[in-house]
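What follows is chain A paired twice: with chain B in the first complex and chain C in the second.
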Partner chain A sequence: MSYYLAVIGTMDNPIYELEFGTFKQQNNGKSLLNQKQLELIPFIINSSLDLIEDLQWKFNKNYFKNYDNFNNNFYKLSCYLTFGNMKLILLHQLDDNLKNDDNIKQFLFEINELYVKTMLNPFYNVNEKIKSEAFDLKVKAVARKYL
Partner chain B sequence: MSNQLHQTVVETDVDNDFEKQINVSCLEYLLMELGPLALRITDKLEKYSSSSTRESNGSGNGNDNKQVDDFHYGGVELFQNESLVSNEINNQMLDNFGFQIGKILIEQLIFLKNDGISTKMDEILDIMKIIARDVWKMIYQKQIDNLRTNHRGTFVLIDNSHRLISSMYGPDKHRISGLYLNFSCGVIKGVLNQSAFKANVEADLKSDGSVHYTIVVI
Partner chain C sequence: MSSKSYKSLSDDIWKNRVDKINSEVFTLTYGSIVAQLCRDFTYAEVNTQLEKMGYNIGLRLVEEFFAKTGLGRCTSFKDTSEVISKIGFKMFLNITPTVTNWSGDGKQFSLILDDNPLTDFVELPEDNNAANELWYSNVLCGVLRGCLEMVQLDCDVYFVSDVLRGDPITEMRLKLNKFLKDEVPAGEE
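Right, the complex of A and B next:
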C-alpha cells in the first residue's frame, strides 16, 4: 500500500511532494511504487487539476474524495482545497479491508494545519517551495499516525 | 518551555490581561515603525542609485559603509522630508507589506475560526464582514464601525478612529497618515486577493478623524 502526497500552489506549481507507504499491518512505511509509476504520477496529478477546478465551483465544499483514478481504479486521488486555493492532493489505493476513507480525510486536514502554520513564518511567501525539514518530519509523523 | 510559560499565564486573569496589554503595545509600536522603515529603505535606494550614477567606476565599497552609518534607527526626522513621504516608491512598499500580511492573515483567521477546518467562501459580503470584524480586530484591536454597500460591488468601510492615526496631532497629520493608510489598503487587497477577488481600494482621512475605505471590486 503506497501513498503519494503533493501540494500544488495557486499557479499550478508544485510546492511539496512526498512518497510514502503504509505503517498499518506491520508495514515499515516503504512505498511500493516502481520507477515507471513514479515518473507517471506528476502527470496524473497535474492532469487531475482540471477536474478539481470544475468541481470546486460546482459544490460548496473543499474536500473531494476519489475524484479521479488511474490504473483501472487501482489508484485513487483525493483533494483538499485550502482557503487560499492551495491544493493538497493525495494519491492512494482504495482498500475495502482497510476502511481508510476517514483516515485519508483526517490526514489531509492535518496537512492543512501544518501548511497554515508554515505560512506563519515571515520568511515564507505564498507559492514558494516548502524546504523546511521540520515540515517534512511533521508530515511523516502525521502519515505514520493515520495511514 | 513555551508551554510552561503559557500555563503560568493562564492561571490568573490579571497576568493574562497584563500579557495581552504588552502584546498589544508591541504590535502597535511595530506597526508604527512600518512608516519610518519604508522611508529609510526608499531613502537608501535613492541615495544608492544617485551615487552609483555619479561615480560609476569609483570606490563603491567605502561609499556604502558611509551610507549605512548615516542611518538613525528609531529616529523620525525622515518624516520632515516632504518629497520622501510623498514618494510613490514607499507608498507602493507599504501597500505591499500590507498585501503580504493580509494574504497570510486571512488563511490563519479562517483556520482559527472554524476549529481547524478551512471552509469555502464565495460571497464577497462574507469576506467584507470578516475584514471588518476579525481582520481589523487582529491588527488594530477594534472593529470597523460601519460597513456600507450598494450590492453592486462597491463597499465603504468606515473606521471612526484609526488606531495609529487617531493618536497623531499637529499640522503634518494628514501628510504622514497617508503612509499608514496605504498599509491598511494593502491589507484589504491582500485578503481579497487570497479570496479570489480583485479590487481597487482607496482610503480617505476625513476632517473629523474618521477613515473611509472605498473598495470597488473589479
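Right, the complex of A and C next:
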C-alpha cells in the first residue's frame, strides 16, 4: 500500500512532496506506485484543489476526509487545511483491514505541527520550497509511526 | 562569594526580580533581526553588525546587572567567569553555560552553551556560506564585551563553534587583553 504526501502553498504551488509506502504488517515503507501513476498524481492533486476551495467555506472545519478519489475509488485524497491556507494533502488507499482512517488524520495533524515549526524558522519564507533535511527526516519518522 | 551562593542569589533574582517575556516572542524577534540583516549584508558584515548591537546593549545592561544583583568587584578573572555564567546568563537568559578550557595563564576560558534560547526553531540557510561564515548568536559576544569593558576589563569575545553549523557544541571564547585604568578626562589634569 502506498501514500503520497503533498504540501501545497497559498498560490497553489507545491512546496513539499513525498511518496512512501506503509510500514504496517511487516512492510518496509517502500512505495508501490509505478512511474505512470507518479506522473499522474501531481495532476490529480492539483485538480482536487478546486474541491477544497469549495469545501473550506461550506464547513466550519479544516480536516477533509476522502474529499476526492480517482481510479474508481481505489485511491482517496484527504486534506488538512492550515489556518494560513496551506494545504497538506495525502493520497492514500483505504484498507478495511488496516482501519487507517484515524491514523491518516493523526498523521496530517502532526505534519501540520512540523510545518508550523518550519514556519518559525526566521530564514524560511511563506510558499518557499521546504528543502530542510531535518523536516524530511521528521516527516518520514511520523509516517513510520502512523502509516 | 562561593559558587553555591552565586547560584542561590541568581535563582532568587530570576524568580523575584526580573521581568520575563514569552520566549517565542524573544526568539522570533531576534530571528527576524538576523534574517533581515542577512538579506541586507554579507554574512561577515552581519557578524560585525550583531557584535556592535550587542556591544551597545552590553554597555547599558551592566548597569541593570549591578542594580539587580548588588554585587561588588570580582576578586579574580576566575571569579568573573563564574559571575558571568552563574548570574549574568542566568538572570537574562535563564541558562547557565559551563565554564571550561582555561588557558595556562588564566586569561582565557570558554563558555559552553548547552541550550541557547536564541536559536530555537532556527536552521541556517542551505547555501554553504551561511554554515561557514555566519555566527548566528554573535550578539552575545558583543554584550559580553560591552559589559566587561564597563568594569575595566578589555576582552575579546568570539564564537569557536555553534551547533547550528553542525558542530557538536556551542562554544564561546573569552580572552582578557588587559585591565583598563580609570582614565582622567582630557583637560582635567
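Definition applied: the second predicted complex is superposed on the first by the 147 of 147 C-alpha atoms of A that agree within 3 Å, B and C clash if a C-alpha of one lies under 4 Å from a C-alpha of the other, contacts with A are read in each partner's own complex, and residues count from 1 in each chain.
Assume a contact is a pair of C-beta atoms (placed from the backbone, for glycine too) under 8 Å apart; a residue touches a chain by one contact, two chains touch by 3 or more.
Quantities reported herein were computed from a predicted structural model and do not represent experimental measurements.
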| item | value |
| --- | --- |
| Greater chain A contact set [chain C / chain B] | B |
| Contacts of A:Q35 with chain B and chain C, given as first, second, both or neither | neither |
| Which superposed partner A:F83 touches (first chain B, second chain C, both, neither) | first |
| Touching partner for A:N60 - first (chain B), second (chain C), both, neither | first |
| Which superposed partner A:E113 touches (first chain B, second chain C, both, neither) | first |
| Contacts of A:V126 with chain B and chain C, given as first, second, both or neither | first |
| Which of chain B and chain C A:Q25 touches, first, second, both or neither | neither |
| First (chain B), second (chain C), both or neither touched by A:N72 | neither |
| Footprint overlap on chain A, comparing chain B with chain C | 120 |
| Complex contacts: residues of chain A adjacent to chain C | 117, 120-124, 131-132, 134 |
| Residues of chain A touching chain B in the complex | 56, 60-62, 81-85, 109, 112-113, 116, 119-120, 125-126 |
| Chain A-touching residues of chain C, taken from the complex the two chains share | 24, 27-28, 31-32, 34-35, 38, 120-126 |
| Complex contact set, residues of chain B against chain A | 100, 103-104, 106-108, 110-111, 116-122, 194-196 |
